[in-house]
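Sharing a structure below in structure tokens format, with a few things to ask.
Chain IDs A, B, C and D follow the sequence of writing; residue 1 opens each chain.
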Amino acid sequence: MDFRTDMAIERRDIFRKANNTKDEIPGIQTKESNYKDNIHITKVIITNEQGALALGKPVGTYITIDIKNLKYATEESIEDVAINVSLNLKEILNKYVNKEDDILVVGLGNRASTPDSLGPKVVQDIDITRHLLKYIPQYIEEGSRPVSAISPGVLGTTGIETQEILQGIVENIKPKLVIVVDSLASKSIERISSSIQISDTGIVPGGGVANARRELSQNTLGIPVIAIGVPMVVEAATIASDSLDIFIKKMQQNAKSNEYLNSLENEDKYTIIKEALAEEKYDLIVTPKEIDDLIENMSSIVARGINKSL
Amino acid sequence: MDFRTDMAIERRDIFRKANNTKDEIPGIQTKESNYKDNIHITKVIITNEQGALALGKPVGTYITIDIKNLKYATEESIEDVAINVSLNLKEILNKYVNKEDDILVVGLGNRASTPDSLGPKVVQDIDITRHLLKYIPQYIEEGSRPVSAISPGVLGTTGIETQEILQGIVENIKPKLVIVVDSLASKSIERISSSIQISDTGIVPGGGVANARRELSQNTLGIPVIAIGVPMVVEAATIASDSLDIFIKKMQQNAKSNEYLNSLENEDKYTIIKEALAEEKYDLIVTPKEIDDLIENMSSIVARGINKSL
Amino acid sequence: MDFRTDMAIERRDIFRKANNTKDEIPGIQTKESNYKDNIHITKVIITNEQGALALGKPVGTYITIDIKNLKYATEESIEDVAINVSLNLKEILNKYVNKEDDILVVGLGNRASTPDSLGPKVVQDIDITRHLLKYIPQYIEEGSRPVSAISPGVLGTTGIETQEILQGIVENIKPKLVIVVDSLASKSIERISSSIQISDTGIVPGGGVANARRELSQNTLGIPVIAIGVPMVVEAATIASDSLDIFIKKMQQNAKSNEYLNSLENEDKYTIIKEALAEEKYDLIVTPKEIDDLIENMSSIVARGINKSL
Amino acid sequence: MDFRTDMAIERRDIFRKANNTKDEIPGIQTKESNYKDNIHITKVIITNEQGALALGKPVGTYITIDIKNLKYATEESIEDVAINVSLNLKEILNKYVNKEDDILVVGLGNRASTPDSLGPKVVQDIDITRHLLKYIPQYIEEGSRPVSAISPGVLGTTGIETQEILQGIVENIKPKLVIVVDSLASKSIERISSSIQISDTGIVPGGGVANARRELSQNTLGIPVIAIGVPMVVEAATIASDSLDIFIKKMQQNAKSNEYLNSLENEDKYTIIKEALAEEKYDLIVTPKEIDDLIENMSSIVARGINKSL
């Protein structure tokens, strides 16, 4: 099954739809809650291999924080979301490390490409303490956690796999846990820079926008890897496919239906369209026009959320 | 007829297709030529009101310079395109002003929004001489043309119509001609930051992405206005519409056609899709992922083209 | 008298020192106050021509807000200073315009040069309402003031005097008052980006860093002009001069003669000066004003040099 | 001896002056040459420990490329300097590695601080090949050298010593040589972003602006380290010290006594110094190193203050 999204919550929805069910999928648990007026939290827990196979994601916890109207967010509501991110992140961190354990924050992505610059932007605003604890411990509150941060760049600008860079650094500075911040692909335009996925499984490629990057997880780095991802792109083909769905539904509503159209409804139009678009060199990525503004609010939220939880 | 493109060449093609003809449209002349390996020039001349009505654009000359593979352009081929822009621009300038006449270059658009930042970026690289001729004429070659430049910002960031700002400046500094540089909407993804339209009609809103901006032309500013536009955006609905065309064609090829589909072929799917997408809050803009790189090359080309021709 | 500072408060101090007095200068009144822990406000009022002559500044009010440790400011203390700026600004505004009168905010300076970019940066964050009141008044609170804003650029990048641009715009959009935001020259390193001067006299060149720009004031624009200035640069000669003062004082304290000077010639003055400057918190780094341009050229050279050799 | 410069050529001059000699220092050889009109090359070779002790720099070769009027450089003359850098760099590279050996380019410094951003800017423009040779060797010319590049950030933004980061990466990806690009401290304003020092000794702290960073050299990384440095800062104390030299010389020429000094106390030293500095082309502007942070806070304050008052 090709999900074309990095988000567990969307994969669950696609899987349910494909299987014509609204029930829980075996091996998957879901918990929903709200925070303040405009924040909706969905926790998707993949409990066993059956669930992992269904969604094409490793066993673990995937928290999605959906924020309404972030584009017009006030200072206060930005703070609210940051607090919620921090609460969710703390809960996961407490499972894996102690309060004083050393943590490395990694901002993935290319700072020169707007939709891919979230990670480096977040890292800029992380409160770093590791060097202070090392060189001027007398000025730092006792019991403080050493925090370091790096933006290693992307394969295309460094010539080096992110995994190769991080393995070297992790071996040398020996943090107890890594938090990676990354841009994600989503199926939903409304989630672009308006949702946050926090998971305890690291980054395991396979779905979403095709990427040569290799796995960043406990398997490869030897320590727990928390991933904080924000949807930044939707494929144009996804949009075209969605619009075809809408189109076909309209035709059927108008009683213009016929066997072929009916049969089409349960087939994968994406492949037809993707092929068609590829033939026409339409192989592109959709980002909303306001991405520059959105990204400022979002990187502030994620950085504060991390800072507050560390 | 709603063309959804700012480019005369695309409007001509849409008009031809809608009228099932490959012949010249009455009131419109076309000349094609090549320059070097990778540059194709199409001159669309609207010669009378009949042509103007057909394309929804004022009588005048619209030169489209299409560049292949600009994304991977070498320094040398960037220089080639700049020379071609300069040749075409000079030809138009010579119709309206003398060699020493004062010219004001205006960079339209919002520098903070990547796809809209072309104008301000170009203005940054314009060689300004007006102040030198005024304060240190002894250091400037005799017969030099006074050139000034401004990026007035956009309505959303200034609260003032561009036209209001420019009228004031034009009245005060009295240039003989204005060159406006702007981002355009196109129907074709391949033209994004890879084509240049030069016209002698200024900017007359009506087509393309809806904009409240008012006309910038000889009518409103009292002096000739040359417009240099670069396609920067394609509407998502345009892409969806194109993909539906492709889809329907595929169905018909597969002998799955039926009356309804046949009838659809000559109708306006855009409106159906646009409405459908609007209902779903899909009202967005598509830009290719590499826009940041493309825009660097393109603003260098346009600035050099202007510099060389002035 | 050449003051080499744009700040009325520093001119007053220099004038007092030159005249060996700590009393008020005729034609000048001073009021001091504090706000919160870290904000000191000095109001210098030039009441008549005698005072204006003494300080080389027009009759009017000059409020200096000095902020301690802005570099390490928390969100909260930034808000405190903003509130104080607003209180002082409101007091001046109320003298000249009504609550609903149209105001134009002008950000002077060059956004591409860090020490000169304050004006354009401020304008980016101004809440613009003029276009909303014009096009969608139904969504705006009744009695709202129309606010517009523009960053016209500098003579070197536009070829046009700022005054020429503003006169045209003011005539066309007819605001009732202009607020100009600008970078200032100061005599004091501690004031760099840590003080704000608000005055009701506009900008009248003459002191500080030499500038060909012309006056921006009620005289030239026909409406009141409030100037908000922030010190951004100190001349190297000012620092050298200050350090000489310190040096000479030290020598005199030590009753050293010309003999000592002669002996000094082959010694290391650096240590003496370094110590003296450290006492005065002058421990800084000098970069030339054109560093932004220089660094662009240099990084291009080094990268090409490396590429060619690899 | 405290040299307060990272440049071997300046240290040689200081050492000569301190020892009242214009002859070669034992253990040091110098070769001078010119390239084109505006490039002067000085090769300072420290041949043994005596020379190393004299200049406080390791045994090795230090090439200084001084460029005249880089600020007004044409495209052509930038290319000329790049070619010269490449010739000098190639000569050093050929001593240590073969034509196909893997090289890692490291851009030191903080991209967010203008005077410290040279390294990251250079790395942005390096032609990276390592990943192409690994994943698509069929598209790469045979015999190509694998080149990778990274900007690790600075201790203050990562919390990790640059050396710790690089050791990990070097161990993991095993290049045969590292080129580090860095900003240097100089004694001379004219050299700011106008000179390049290439050395084969890596970076060994001790002189120049005090820095906690640790050695980057064959000793610590296990492979040859070529350092390319560009002077970006001069300490305020250096300028003050230089101006004192000039001042004292002037006084001695005028055979002025301590009486004169006493009389000076109440006079305007600024004019004397301004003239003296102008003669030496020291006509510049001082901004503190932290100007980028300061300006962010300040523009936020002023904008909020204006908004609140309108």
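As a working rule, a residue touches a chain if its C-beta (ideal position, glycine included) is under 8 Å from a C-beta of that chain, and two chains touch if they have at least 3 such contacts.
What you are looking at is a predicted structure, and each value in this text was computed from that prediction instead of being measured.
Colleague: Could you tell me which chains make contact with chain A and chain D both?
Modeller: Chains in contact with chain A as well as chain D: not a single one.
Colleague: Using CA atoms for the superposition, what rotation angle relates chain A to chain B, in steps of 5 degrees?
Modeller: Here the rotation carrying chain A onto chain B measures out at 180 degrees.
Colleague: Averaging each chain's C-alpha atoms to get its centre, pick out the one most distant from chain B.
Modeller: Taking each chain's C-alpha mean as its centre, the farthest from chain B is D.
Colleague: Using mean CA coordinates as chain centres, what's the gap between chain A and chain B in Å?
Modeller: For chain A versus chain B, the centre distance works out to 37 Å.
Colleague: Counting in whole Å, what is the centre-to-centre distance of chain A and chain C, each centre being its mean C-alpha position?
Modeller: Spacing between the chain centres: roughly 44 Å.
Colleague: Cα centroid separation between chain C and chain D, in whole Å?
Modeller: 31
Colleague: Give me the residues of chain A that touch two or more other chains.
Modeller: 112
Colleague: Treating touching as the only link between chains, describe the layout with one word: line, ring, star, complete or other.
Modeller: Its topology is that of a ring.
Colleague: Which of the chains touch, listed as pairs?
Modeller: Between chains, contact exists in these pairs: A-B, A-D, B-C, C-D.
Colleague: Which residues, counting only chain C, touch chain D once they are in their complex?
Modeller: Counting only chain C, the residues touching chain D are 2, 4, 67, 70-71, 73, 78-79, 81-87, 89-90, 93, 103, 105, 114-115, 117-118, 121-127, 145, 147, 179, 181, 189, 192-194, 196, 209, 228, 230, 232-241, 243-245, 247-249, 251-252, 256-258, 261-262, 264-266, 268-271, 273-274, 277, 282-310.
Colleague: Write out the stretch or stretches of chain A touching chain B in their complex.
Modeller: Interface residues on chain A, with respect to chain B: 112-115, 189-190, 233, 236-237, 239-240, 242-244, 246-247, 250-251, 256, 258, 260, 269, 272-273, 276-277, 280-282, 284-289, 291-292.
Colleague: Contact residues on chain D for chain A in the complex?
Modeller: The touching residues are 112, 123-124, 128-132, 135, 146-153, 155-161, 164-165, 167-173, 212.
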